[in-house]
Amino acid sequence: MGRKLLFEHITKPGIQGLEGYRANGGYRSVEKALKTMSPEAVVEEVKKSGLRGRGGAGFPTGMKWSFLAKPPGVPRHIVCNADESEPGTFKDRYLMERIPHLLVEGMITSGFALGAESGYIYIRGEYFYVHRILERAIAEAYAAGWLGKNILGSGFDFDLHMHIGAGAYICGEETALLESLEGKRGNPRIKPPFPAVKGLYDRPTVVNNVETIAAVVPIVNDGGEEYAKIGVGKSTGTKLISAGGNIKRPGVYEIELGITCDEFLNSDEYCGGIEGRALKAVVPGGSSVPIIPGELFLKTAAGETRLMTYESLSDGGFATGSMLGSGGFYAYNDAQCIVRSTWNHARFYHHESCGQCSPCREGTGWMEKLLHRIENGHGHMEDIDLLWDIQRRIEGNTICPLGDAAAWPVASAIRHFRDEFEYHVKYPTKVKDPDHFAKEPFKRELKASYA
Amino acid sequence: MAKVTIDNIEIEVPDGTTILQAARMIGERNKADRHVVPPTMCYYSKLKTSGGYCRTCIVKVTKGSEKDPRPMPKPVASCRTNVMDGMVVENTINADLIESRKSVTEFLLINHPLDCPICDQAGECHLQDLSYENGKEASRYQFERRTFDPIDIGETIKLHMTRCILCYRCVKVAEQITDGRVHGVINRGDVSEISTYIQEAIDNDFSGNVIDVCPVGALTDKTFRFASRVWFTQPLDAHRDCPKCSGKTVLWMKGEEVLRVTGRKDQWGEVEEFICNTCRFETKDKAAWTIEGPRKIDRHSVISQGHYERKLQQKLLDKAAPDAPSIEPFNIADR
Amino acid sequence: MGATIKAVTTREGTKPFAFSEAALAECRSIIARYPAERSKSALIPILHIAQSENDGWLSVNAMDAVAQVLGLKHIEVYEVASFYSMFNLHPVGTYHLEVCQTSPCMIRGSEKIVGHLSKKLGIQPGETTKDGMFTLKTVECLGSCGSAPMLQCGAKYYEDLTPEKVDAMLDAMRAENKRQTYTDR
């Protein structure tokens, strides 16, 4: 059994309420930080922990915090990104639903470290019922004096509010989130300036993912060094992985970074292996990261055992690797059609493009139409090259990373499964049935391009 | 001050200058260097927070600054990126960047109707210019294009949303120079549109400026609709005493008839001063204007192909207009 | 795809809208979360309240009322309401069934659930049954990939769906016949 830092008490009775949470050691980090530490010391512990942003980008949290501008007289904010919308990712919902006070506690401790006047938790609109749970938790925390004026007599004032979204993947991008929080369309801002300088209401702002903020709690409780003992290299601590797709045991697992991919996929502690059939492909970190064939998930191109870490999963670059991303893991069995799934991904990004900048607004729709045509047996061989060319022309040319996120799944699918695309062109009648590979799994006719 | 190098040309500019502005300064300093100025479809120096959307002005920063010489990983929008001291920028000398600009041009065109033959903007359309310089000879897009119903937004303005490239300029005009914006961008993604959402006229003294800032034929002047191709008209600088605006305009003439009134555009295609609707739509009598002389139009423009300047000046002389300028010899290098 | 998009809508034919007292009180408490000069921040939460009070959709009248509460221009509200996929700009059925169709759900059979619902209700995604009871909609990832396939109706998630579970759900809804909204507690 791996160590659990966030989920240690998640199954304890009454953990959803303040009393049960407190009985299991809740709010210790607030006590410790406010009574015995300076804000700088808390930031220092977070730096020492090696914690990296858990929302997908993996940027070192301590460093992000240290970028926060502190002009005198200007209020600062901390905003929690609970917009969790990356397909395959549902860990934050699970955490907020089961142990809401962990997030509230993390917000207070982080808010103290940053000298923030107030915090907002921006939660996606679809999670309205979780929003209610958090509202209750915040009300309980106010009533017990964990929030508001002069918390624990320390002189630290901190207000925490919920903010509900209304259905837009793009609001998970931090500047789009801030726009949305200001009551506007979720159009990402042009950077620089970064939120650390000009964020919410043009004030210095830190935006962190739910899991990142929750991880601050054990880091402050046990010390950054203790946290950094878990993991491998620059991948320290534990990570929540949302596991879905054709596996035996879907769910949210807290893993120690550094366990092998094989253990994660096949052991009964986690996914329990592929359901019924053979493993075909894996998306290890949410739909935006490259899809890779099963064998490349388990072993790197050099034949080394792949680990669940930021570095190991991206070993080989985009040619043979992928990314840990947000930890939205889903596996495909051999009944699945990669072309159909890629079309599905493309449709998602087309639907979620904000429409602000031209490459993403126009390119995502074009890719979807081409993929729809190929999947339904109306494609041409040139369409595959055209698709490759379009994704290449979107990537890097957009305001925000949604353009890249739309391009990578298409690029990786063609890179690793080009023969399957060609099959769709060659045998249009066979792919008319949406379940085409369920009856007769696809056999590779060509050598995969990485071989 | 910051020293910046764009396509190997050095210039010193005040801090806070954007890369695009620096490039324009290079172009203004020496006409021969104008090619380093990136094209713009959404940026408009007179409109705050404009730019960044269309991505046509992207450039490659190969050296961030003297202090931090690291290159920027991706192309950046030159209109929204400030220069740093020691920055090195590549535009036309970077083949990858040119390819990226071609990509952006292709994306802007895949859903554009290409109805130039029946579009009033033809001849002064920035998208035409952009595709002439960066476009492909044929489209690779084989699907039905996105279309919208053309609508009237007010008595005098026609909106052809189908042609729109979502530059947001008209929204910023409404926000920044009129009182009471009633139109904006609604919906999301590739079905976003400029709209009032409900049937409501855009009605205020400066609304006509949305036509001048529109880089394409999405917003056109209903009073000029189908009246003439612009290259058959003859532009005259003119002014009048106007209580609402500067009254400095261009009259687009056909014979003695004023077909259209617009603001005066500078060498970057931006109006020098915004004008009011009374000047634009309601003052179509030539007698109401003091004529200054022919408007200079860039010699690369199709409008110049009719040699209107000489013709106009001749006509002015013929009419013995007392203050008509004297004809100078036609000198191509001047223009 | 390809259809010409109608550019404008009208107020005609929609009923007048006014917030209830309870809703106004909630609006005020939401506005208080933001700095005084930043009340526009409350726009999205208040649009949710308006939608719930207007049979699950945002008519022009409802949006204009929101603009009035927050002192915004009408267009500012239309711009925002039309951006977010949870705001319905057209009437919806008593039960608005939003089935997740994104990859992780798809590989666990969401297409079959959509097909089953479509057949049972006699409507295609995007349509409402003649009796106004059900609207079927396919939506993108709802963050419930571990319990796929799934759908959302109002504030509630229906997870690990099978055709049998869908049938039971529909029967229960028909029997209950009570409008579901996102803001239900």
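Chains: A, B and C, in written order; residue numbering restarts at 1 for each.
Here is the rule we use: a residue touches a chain if its C-beta (ideal position, glycine included) is under 8 Å from a C-beta of that chain, and two chains touch if they have at least 3 such contacts.
Predicted model only: the values in this text are computed from it and were never measured.
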With contacts counted as defined, which of the two, B-C or A-B, has more C-beta pairs across the interface?
A-B
Argmin over chains of |mean CA - global mean CA| returns A
I'd like to verify one number: the distance from the centre of chain A to the centre of chain C, where each centre is the average of its C-alpha atoms, in whole angstrom.
25
Please work out the Cα centroid separation of chain A and chain B, and write it as a whole number of Å.
41
Among the residues of chain C, which are close enough to touch at least two other chains?
1, 79, 83-85
Residue numbers of chain A (touch at least two other chains)
168, 185, 351-352, 354, 369
Please list all residues of chain B that touch 2 or more other chains.
143, 185, 187-188, 191
Which positions of chain C touch chain A when the two form their complex?
1, 33-35, 38, 40-45, 47-48, 70, 79-80, 83-87, 101-104, 106-108, 111, 139-148, 152, 155-157, 182-183, 185
The chain A residues in contact with chain C across the complex are 84-90, 92-93, 120, 124-129, 132, 161-169, 180-186, 201, 242-246, 250-252, 283, 287, 328, 330, 332, 336, 340-341, 344-345, 348, 351-352, 354, 369, 434
Name, in rising order, each residue of chain C that touches chain B in their complex.
1-2, 4-11, 60, 73-76, 78-79, 82-85
Contact set on chain B toward chain A in their complex:
51-55, 58, 73-75, 77, 80-81, 100, 103-104, 106-108, 110-111, 140-141, 143, 165-166, 185, 187-192
Applying the document's contact rule, which stretches of chain B touch chain C when the two form their complex?
143-149, 151, 159, 161, 180-188, 191, 193, 195-199
